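As structure tokens, here come the structures.
Common to both upcoming complexes is chain A, partnered first by chain B, then by chain C.
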Partner chain A sequence: MRENISIYFTLLKAYTLGQMSYRSSYLYEMLGMAILTLVNICGIYIIFETFESVGGWSFWEVVYLYGLTTIAMGIAQLLASGLNHIPEFVRTGDFDRYLIRPISPLVHILPYSFALHRVGRLIQGVIALVVSLYMRGIDPGGFELWIICSTLFSLMIVYFALFLIGATFTFWTIQSAELFNAFTYGGMEMSKYPVSIYQPWLRNIFLFIIPVGFVSYYPTVILFNKHEPLNSPEFFQYITPLVALCFLAAALKFWKFGIKHYQSTGS
Partner chain B sequence: MLNNLNFPALLAFAKTSYKKQLAYRIANWSGLFTNFVFLFIRAGVFIACYENRDVVAGLAIIDTLTYLTLTQSFFTLMPHLGSMGLSEHIISGQIAIELNRPLNFYLIYMAKRVGIFFYYFMFRFFPILIIGSLFGLLRLPTSFLSMPLFFLSIFLGFWIAVSIMFLIESTAFWFDSDRGLKVCMYGFFTFFSGLLIPLNYFPAWILKITKILPFAYTFNAPSQIYLGIQTNQELLHNFIGQILWAVVLTASCLKILSIGDKKVVLHGG
Partner chain C sequence: MIKVSGLEKEFKIMTHKSGMVGATKNLFSRKHTTVKAVADVNFEIQRGECVGYLGPNGAGKSTTIKMLTGILVPTRGSISVNGITPFENRKENAKQIGVVFGQRTQLWWDLPPIESFDLLGKIYKVPSSKLKKNIDNFIDILDLEKFLHTPVRKLSLGQKMRCELAAALLHDPEILYLDEPTIGLDVMAKDSIRQFLKKINEEDKVTILLTTHDLDDVESLCKRVMVIDNGKLIHDDSIASLKGRFGNYKNLELDLENDEEVHLPVGCELVRRDGKKIMVEFNTDIIKAPELITNLAGKHSLIDLSVHERPIEEVIKRIYQTEV
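Moving on, here comes the complex of A and B:
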């Protein structure tokens, strides 16, 4: 385990240094990301300007969810950036190289093309999160901080697990993970609003099958002391990190299953 | 600049790119699926917003859902993200061959896009409208007489979107990469075109900015024609705006291509 971690960081450093040579392009990309965040928050503002409240939630509460989503997705994308290349590696047969090396193929492939410029996205997410907490009048004591951090952690884990599942599917489909990414990015779209506002069938998918809604919604209900219209059992609010870890364990199991049944392409 | 308008050749380019697209059937299915996941989530937000409300900003809930379904159905017709190959051509040097063809490169490029447009028109646009109406997310147009205008408006929106992307990608003549600019443009595009939130909800001061930008003439203009809520005068303004932007952007693309043509320096030995 310790050996794996040190190999991971060595590879990470190498890939990052390699990418630093395209600096100016990354600056523009960070600017673009900032615009993207800004227009998204403008969109939320227009909705609240028009409708005042959405399902009993206020503007700053939804901005908090947006910040949460942006940070968690940002970290998950950073960690999983190598997984995007799996379809290409499988198609070209390059993936075989990862299997015959003496380290875990996952550790080897994760840091590939580590996209450092995405850090900009994280910073904007943090700004949105901090401002929303301040404007909502939340004084972050120990309890609040614990909730915020554990929500971020769980959401990040769930997104990462989704990327892993998507990548594993490509062992069989040899196409991009597009079909499964509908759930990953759809989950991101969904968790920008409280899951309670959606129709039951859609809500239940994101609560109990792909637990993006589960891990972002329940802790936020405690944080803002909201009325909980779904009448879910109270212990749901405390087990979110556990749910996230179970989901990750299942994803890892699926990945291992995928590796075992991987058949190289070509004749 | 346009001394050689060889229509049969351009038609051949369009047909080939249409056929090429036919090969990616699974990709189209998964794209269709993604469209619907997003449509349901977006629709969910507005359904929650409309709780206990009938008409907001001139739109009833079914009008808003129709707008969302229409913009999803235009999603692939009017390209606004990703790459369409021009910047790669410039960076790889392939552009030298493209520029030496006896036809103007912009026209070839457009012809290829038209082929892709018709592919998506058949296999993405119509399926989304049909499935959308089965789920109760789309109402019928106010007037069927406006349908020819609606289709023309979609085509103009496509032309404007492709020309904007062409301009962005052509900056690769001067810079190493256009990725950053593309992300910026994507942000503006989703917001000002009505893809993120229907423009009907925009406060007056943001609408003022929206009206001087080309983006609203892609997704929003045809959607308004379909909905038929705007006055005839507003619809006419939208339509004239589309034609003007299509002309201006086409001229800019041709101009920038002729400047880039002189500027192009090929990498490699």
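Moving on, here comes the complex of A and C:
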């Protein structure tokens, strides 16, 4: 594991040094992101103007969920950006070279690109999170910090696993991968609101199949001391990191299975 | 060292429908045709051998190599490389093999070769003193000094191929797989690569499996040749026996004084005629060269003549044709 991490950073350095120079558009991208965040939060605000609360959750509590999702998604995208190259590697057969190395193809591919411009997005997520905690009157002690960090960690792991699953589908067809990514981004939209407000079938998908709802909803219920209308077992609130890691393990299994289906190319 | 038995690979090719509706159907349909790229291939390769792997386009050579290296999972059959099954234990297998695909680079496109070598050293966990020794050695014998600091994308094909070879051998693999390593190279470049391969095979006892369409590669490097066609192994023996496979044939080239009709004795066949120049192929089991020459010299007035071994190209062409 330590060796893998060291190789990851060595490769990361080698790749990013070459990229830095032609990214003068950073500033514009950051600006665009900032506007998008503002629009998103205004969207949430408009909903509250009309309804006062969403499923018993106040405006700032929902902004907190928005912040969580944005940060976790941001970090996951940052770590997984190398996976975006997989469709191209599979189509051209360049994936071959990652299979003849004595390290995991993931360690080799993940550092392939590092979308630094997404850092801007992360910062906005952090601002949303901190402001929402302040406005909601949460005074972060050890317990609260632990919940916030473990939720972020779990949610990030789940998003990363979703990206990995999406990339794995390219070993069969590119279209199936695109179809799957709809779930990933759908999941991102879902976890911006408490899952209790959704239809049961939809809710159950995002609680128990693709657990983005599970890892963001239950710990937040404890954090804000909310009434939990689903009557789920109480231990759900404490096992989110475990659920996230299990989901990642399943995603890795699927990835290994997918590699066995890799067909390379005829020439 | 390498043991392959009953090896098969089938590719499923989806039948694609066009248009929006077709594309949606493609997503769910399981309709496909099957191409059998490799069919029941068996062979063994011993340590230190250098084996040529020949066959026409689409015969299944690259597919075999991809299964041996662990890139593809066989549909049926087994492979054991030093006791390791490549596709089940890719990482272990990777440590003991070096791979060069002539059509594809193993180096980092934007980095100079020396940096690629360093990265590979890290990836293969080659101790740094060993790595330095190997790099220096390859710089020396492959003459890499001049372009060591030029990004790979700016190198010529020949320069790149020399770097590829060095890159594939940095971790001292026991086995080297080469898929068309001389493709697109000029005579000089081909020659230097052949000499290098001969050296590492003879001195360092690296086992080599080589596919190529250039039979000079095979003749100068390999004692043993395997020929595959349509996925089936149709020959696996020494070069000499490959040549002798259709009896012992030789070629006789004649320059006639007059443009006249030639009557050949039994055991001979006219291969080609270009005015007064004639190429005859004869079977030495039926008629010996002196006998044939005496025969022809008696009937025609000859200006010049020469006798050749049948070139290996001709032999291979025959094998491909008879198997179709």
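By our rule, the second predicted complex is superposed on the first by the 262 of 267 C-alpha atoms of A that agree within 3 Å, B and C clash if a C-alpha of one lies under 4 Å from a C-alpha of the other, contacts with A are read in each partner's own complex, and residues count from 1 in each chain.
Methods note: a contact is a pair of C-beta atoms (placed from the backbone, for glycine too) under 8 Å apart; a residue touches a chain by one contact, two chains touch by 3 or more.
Predicted model, so just to flag it, every value in this text is computed and none were measured.
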Partner chain(s) touched by A:Tyr193 [first = chain B, second = chain C, both, neither]: first
Touching partner for A:Met33 - first (chain B), second (chain C), both, neither: first
Which superposed partner A:Gly55 touches (first chain B, second chain C, both, neither): first
Which superposed partner A:Leu202 touches (first chain B, second chain C, both, neither): first
Partner chain in contact with A:Arg101 - chain B first, chain C second, else both or neither: second
Chain B versus chain C as contact partner of A:Cys42, first or second or both or neither: first
Touching partner for A:Asn181 - first (chain B), second (chain C), both, neither: first
Chain B or chain C, by number of chain A residues touched: B
Chain B/chain C common contact set on chain A: 173, 175-176, 179
Chain B contact footprint on chain A (complex, rising order): 22, 24-33, 35-36, 38-40, 42-43, 46-47, 49-51, 54-55, 173, 175-176, 178-179, 181-183, 185-186, 189-190, 193, 197-199, 202
Footprint of chain A on chain B - complex, ascending: 26-27, 29-31, 33-34, 37-38, 40-42, 44-45, 47-51, 53, 56-57, 175-177, 179-188, 190-191, 196-197, 201-203, 206
Chain A residues within the chain C interface of the complex: 3, 6-7, 10-11, 14, 18, 93-94, 96-97, 99-104, 108, 173, 175-176, 179, 260-264, 266-267
Touching residues on chain C, where the partner in the complex is chain A: 11, 14, 23, 26-27, 58, 62, 66, 69-73, 87, 90-92, 94-95, 97, 99, 101, 103-104, 106, 108, 110-111, 115, 119, 122-125
